[in-house]
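Here is the structure we will look at, set down as structure tokens.
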Amino acid sequence: MSDLMQQGWQLLVLGMGTVFTFLIILTFATTAMTLIVRRIPQAAPVATPTPSQRNNNALQMEKIAAVAAAAKAAHNR
Amino acid sequence: MSDLMQQGWQLLVLGMGTVFTFLIILTFATTAMTLIVRRIPQAAPVATPTPSQRNNNALQMEKIAAVAAAAKAAHNR
Amino acid sequence: MSDLMQQGWQLLVLGMGTVFTFLIILTFATTAMTLIVRRIPQAAPVATPTPSQRNNNALQMEKIAAVAAAAKAAHNR
Amino acid sequence: MDKLLKLVNDSGLANIEFGQVVMMLLGLVLLYLAIARQFEPLLLLPIGFGALLVNIPGAGMAAAPVYNELGELVSYGGLLYYIFKMGIESGIFPLLIFMGVGAMTDFGPMLANPRTLLLGAAAQFGIFGTVIGAVLLNETGLVSYTIEQAAAIGIIGGADGPTSIYVASQLAPELLGAIAVAAYAYMALVPMLQPPIMKALTTKQERKIVMTQLRPVSKLEKIVFPLTLLILVALFLPSAAPLLGMFCLGNLMRESGVVERLSDTAQNALINIVTIFLGLGVGSKLDAASFLNLQTAGIMILGIVAFSAGTATGVLMAKLMNKLSSQQLNPLIGAAGVSAVPMAARVVNKVGLQANNQNFLLMHAMGPNVAGVIGSAVAAGVMLSYLG
Amino acid sequence: MDKLLKLVNDSGLANIEFGQVVMMLLGLVLLYLAIARQFEPLLLLPIGFGALLVNIPGAGMAAAPVYNELGELVSYGGLLYYIFKMGIESGIFPLLIFMGVGAMTDFGPMLANPRTLLLGAAAQFGIFGTVIGAVLLNETGLVSYTIEQAAAIGIIGGADGPTSIYVASQLAPELLGAIAVAAYAYMALVPMLQPPIMKALTTKQERKIVMTQLRPVSKLEKIVFPLTLLILVALFLPSAAPLLGMFCLGNLMRESGVVERLSDTAQNALINIVTIFLGLGVGSKLDAASFLNLQTAGIMILGIVAFSAGTATGVLMAKLMNKLSSQQLNPLIGAAGVSAVPMAARVVNKVGLQANNQNFLLMHAMGPNVAGVIGSAVAAGVMLSYLG
Amino acid sequence: MDKLLKLVNDSGLANIEFGQVVMMLLGLVLLYLAIARQFEPLLLLPIGFGALLVNIPGAGMAAAPVYNELGELVSYGGLLYYIFKMGIESGIFPLLIFMGVGAMTDFGPMLANPRTLLLGAAAQFGIFGTVIGAVLLNETGLVSYTIEQAAAIGIIGGADGPTSIYVASQLAPELLGAIAVAAYAYMALVPMLQPPIMKALTTKQERKIVMTQLRPVSKLEKIVFPLTLLILVALFLPSAAPLLGMFCLGNLMRESGVVERLSDTAQNALINIVTIFLGLGVGSKLDAASFLNLQTAGIMILGIVAFSAGTATGVLMAKLMNKLSSQQLNPLIGAAGVSAVPMAARVVNKVGLQANNQNFLLMHAMGPNVAGVIGSAVAAGVMLSYLG
């Protein structure tokens, strides 16, 4: 078997081996990650912030925006 | 006549000559291109795809989109 | 006092001195600029173009646009 | 008068070589495929145009800069030279494209069914099988490839444009033009190449299998996934880190929801700018000397082998998994493991509908589809580690 | 204490030279023209601002990087230095602008009436006539120009910003600032410069000529045209290939309809980014040493000559064509052949309406207008081939 | 077999060092803060991700290019290397960000009440006081800083990201990572850091002060202001010209109203692209060797000192001005002088509302807020002139 041939087969074995090993590990890691994530109460602080807090923020922002708009309107008069 | 003067006139003649030659050729080429294009039945495959084929594609796409939307809706439930 | 210490204090004095000097000059320059700007009749040629001129331009543009649209419509017929 | 002569002597007509004519015709063919047939136009249009530009005799659009003996710049290089050197040979453009693709990718369907990652693994046989194909072709004595070239050709089977360009630019830049053209052309041909293989390897009964609906995936899972992937890459295959790292960055920007303006730019202005340049730069490698040879012919043949092999092993893997597990997969979705996002998934959906017109496989095929992107980036990492 | 002294000695007041004051005033004038008079603000605003920045004593905004004897970098250059070196001297920015302009250009009116290409050719006399003007000015002994400088000045007559910058950066970078300022300033002055000449060379009867409505142009014609143009460039004038090649690429992206996201980016994000940098880079050449001299005064005078000559020959060519053909042109549209897109076409429309308030010439003038862009790029190619 | 060994030996697990693990954890913490706590996510997300990428063992994402003895390139550097060298060390990216920030800034509130500039001046004591803090820390012998390092640390008190990065890249690139992280983290913490200080230094009566409504500011004033500022910079502090020059350019593009497409691009596509790269480049400096040391611990402590000192002096300055003038300021707005736009102004508004729920201070706080940006750029100029 030529040297090139040998390298080719080596690459095939090594490559497919690594790809499968890596993706199998990734499958387990993903599954584990999902299990862990699902145990976190409320799933995700970012995804579902407590409504009150979020609302509070939003309200705050709306207030500020309203003031800014009012101020701007006054200026442009 | 100074050397610079000579180069200037040379550039004038060469330049205007090339510009006119090139744009005249372009005029003919464009006219010829138009004539050829107009002979192509239906003018242009891209511009006017056969309605059935286009519709088919569009339908296909819409179907896929609908499915995707449905699937998404299901997930987010 | 160590050399570093000395440099630090020097930087403090020089820095705060420059910052205050510069911003005080800027305060005066800004106030002066405002006074000058307010003397310019009509405040600003850009900000408030004479209505007739602006309208004229706009009209001109709308006319052109209308023609272009008409021409385009004709082509695509 | 001698100046007129110079102008005439400088003209293209006086200098054009046969090879350049052929390559310009090839450029026109690529433009035709891009415009009239809509073969991956985002890349094939600038690639085809780049091929035209680089083959204009005397225009020097890809000329290197000239320095004198003192190392001072005498004349600047051409636009395409700088694009290629700075953006492609350095690997920067493919990596930025990968970031943008990451920002466009939804891992949801894959996270809902992580087993489909295995389909994305199996389909990478298209890559390594093709390496063997190239080596065998070399044995015939008709064409000669080094192992680096064989590897770069194999990556066509990854069915992923930027990965192919990245690997080819690192391992076999002299083949970059042919490899990129083959990769994009065959990706566009996926709707023709895949269905016969898919049908040959499955029974009608198998193609009718209805899969259970995918579970919803939470936002937090989607945020954590790119980080999980990156950490595994860091632990096990650092040579894949540039590609998968930028991919994960893009995906994290998308899913985190806190940097929408960055995610939006990565998916639009930035990826568009880079795509124009990437296409032109790849096209600038379509010069006669590097393209018109038997190596290119071999690449075109091996490219079909690559796509076909990947499709086949993906489908066969799904059938194997059905043997080993009770949760049945429709084996068609294995074909989506080659990547070619989202074309291959659409093909799966279409072939599935032919067998059962109520069976929509699109979302199920998106899992192996994006898994295929990861799979071929991993394969690229192995090659770069082994040969780099 | 000595540190305070250093700060004072470093201050602008302690170091400013008279020339810098004058150039900063010029920068303010350019900003005034850009903002208050809306003279080509997209370029003149960054150019004017660049002029301010580069003339700040001691700020080093255009300073070159410093290396030690071992070739190691001691200190980085200023922002404007890098913009100029990498983007303008290399020719890259003007070429990218040209791609964007191509993506904004509709060749439809020209394709409907290809004879108008000749008007675009005739108006280029503005370029070469100005070269003679520069040579004559040189003969007077008041100002001294080389042939390269004369050519770069002539290109102002092309009435096309990026073409002027590209040619000047290649043939006479030392005059780039003055040439770019003249080119953009006179383009903005087209509504004042052109009408008197147009009226002087035509009778009211001629200005009233109503042209036949333009035929519709098919999508396929618009797609094939940029390729036709590119191939002619390749065959006959490769030195125009960079400019016209990028222009055709932009136009093909626009007309093909298959790469809308690339076309959109070329017309927006990309051209805007490059415009900011191009303006700053050009402005960085507005330093006292290179601007405050008789050469600049000559350029300003020759610039008017250039625009006027181009306008006149365009109009005269139209009158000549009317003599030779039965299909009558309104000779006013010849004035649009100088380019200055779309300003010159609007001027034609306006002057036409003054003669006949029902005669809308805008679309008819768009033909010679875009032909003028091609014409001056061809002229640029001749100059670069002859002198480059 | 030896190839498999190589792959295993190349793996991250086989090579990872303890410091890299710690730094990757830090990267994850930064990502957590950015995503879950929304701490300045636009910068902390790419910085955190950059920290992950640069600490992957063997990935070489920040590796320098390798040249042989003949000066020929053997292998390209990593993506993060080029981003850092070309964009950050050169100062280009922070300057482009500053242009974009200028295009987003409304100087109206400040122009309506120019006295608030003095609050922006006073709050810069946060910068120089922190320099003294760093010097004192050096005296203890626990940590060692040079004067350049002390200055770069002080600039954290400017509460302005790009200014901090710019100064640190020029004076102490080895501390860039820690300084940038501290600057952005404490900016995000402004809502927690500032209120106690603000309340401690003011009586409830003072916090209730209602300010007179701001006068309207004309468009022309807004156009002339950036030019006025630039000219003063040119005359008195050229070393601040790069930062303030680009800032004024952005602001002039915004206010002139004639280059909306450039202003829009500067505020969106361009600043977003640069932000991604800036974040990655800064993150690439978060390697174990340069971060895990006592200097970093000192920086974190000094960063709080800087923000607190700036807040305090801003408030005290307002109280002093109330003593000297009859026109009363609500002293809370002095706290906005630290910059941290627009967070600090919002904090002022909130604390003001707590004292008087009808007293909206937001617009009044915007004046010192943008004045603080100018103030810290001036401070940066002094440092660069003194130490550069």
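Letters A, B, C, D, E and F mark the chains in the order given here, with residues in each chain numbered from 1 onward.
We adopt the following convention: a contact is a pair of C-beta atoms (placed from the backbone, for glycine too) under 8 Å apart; a residue touches a chain by one contact, two chains touch by 3 or more.
Please read these numbers as outputs of a predicted model, since none were measured by experiment.
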Mutual neighbours - chains that touch chain A and chain B alike: D
Common touching chains of chain F and chain C: E
Chain separated most widely from chain B, comparing mean CA positions: F
Inter-copy rotation, chain D to chain E, in degrees (Cα atoms; steps of 5): 120
Chain pair among C-E, B-D or B-E whose interface repeats that of C-F, sharing over half of the contact pairs by residue number: B-E
Chain copies touching (chain E, chain F) - same or different residues, decided at half shared: different
Chain A-chain D separation of Cα centroids, rounded to whole Å: 25
Euclidean distance of C-alpha centroids - chain A vs chain C, Å: 41
Chain A and chain F, separation of their C-alpha mean positions in angstrom: 26
Where chain D touches two or more other chains at once, by residue number: 3, 7, 35, 223, 236-237, 256-258, 269, 382, 386
Multi-partner residues of chain A (at least 2 other chains): 14, 18, 46
All pairs of touching chains, each written as two labels joined by a dash: A-D, A-F, B-D, B-E, C-E, C-F, D-E, D-F, E-F
Chain D partner contacts - residues on chain F that touch it in the complex: 3, 6-7, 10-13, 15-16, 24, 28, 31, 34-35, 38, 41-42, 45-46, 49, 52-53, 55-59, 61, 76-79, 82, 268-269, 272-273, 275-276, 280
In the complex, chain F residues that touch chain E: 89-92, 95, 99, 223, 227, 230-231, 233-239, 241-242, 245-246, 248-249, 252-253, 256-259, 261-262, 264-266, 269-270, 382, 385-386
Touching residues (chain side chain C, partner chain E) in the complex: 10, 14, 18, 45-46, 60, 64, 67-68, 71, 74-77
Contacting residues of chain F [partner chain C, same complex]: 111, 114-115, 117-118, 120-122, 124-125, 127-129, 131-132, 134-135, 138-139, 145-147, 150-151, 218-221, 223-225, 228-229, 232, 236-237, 256-258, 371, 374-375, 378-379, 381-383, 386
Chain E residues touching chain C - in the complex, by the definition given at the top: 3-4, 7, 35-36, 108, 112, 213-217, 346, 349-350, 360, 362-363
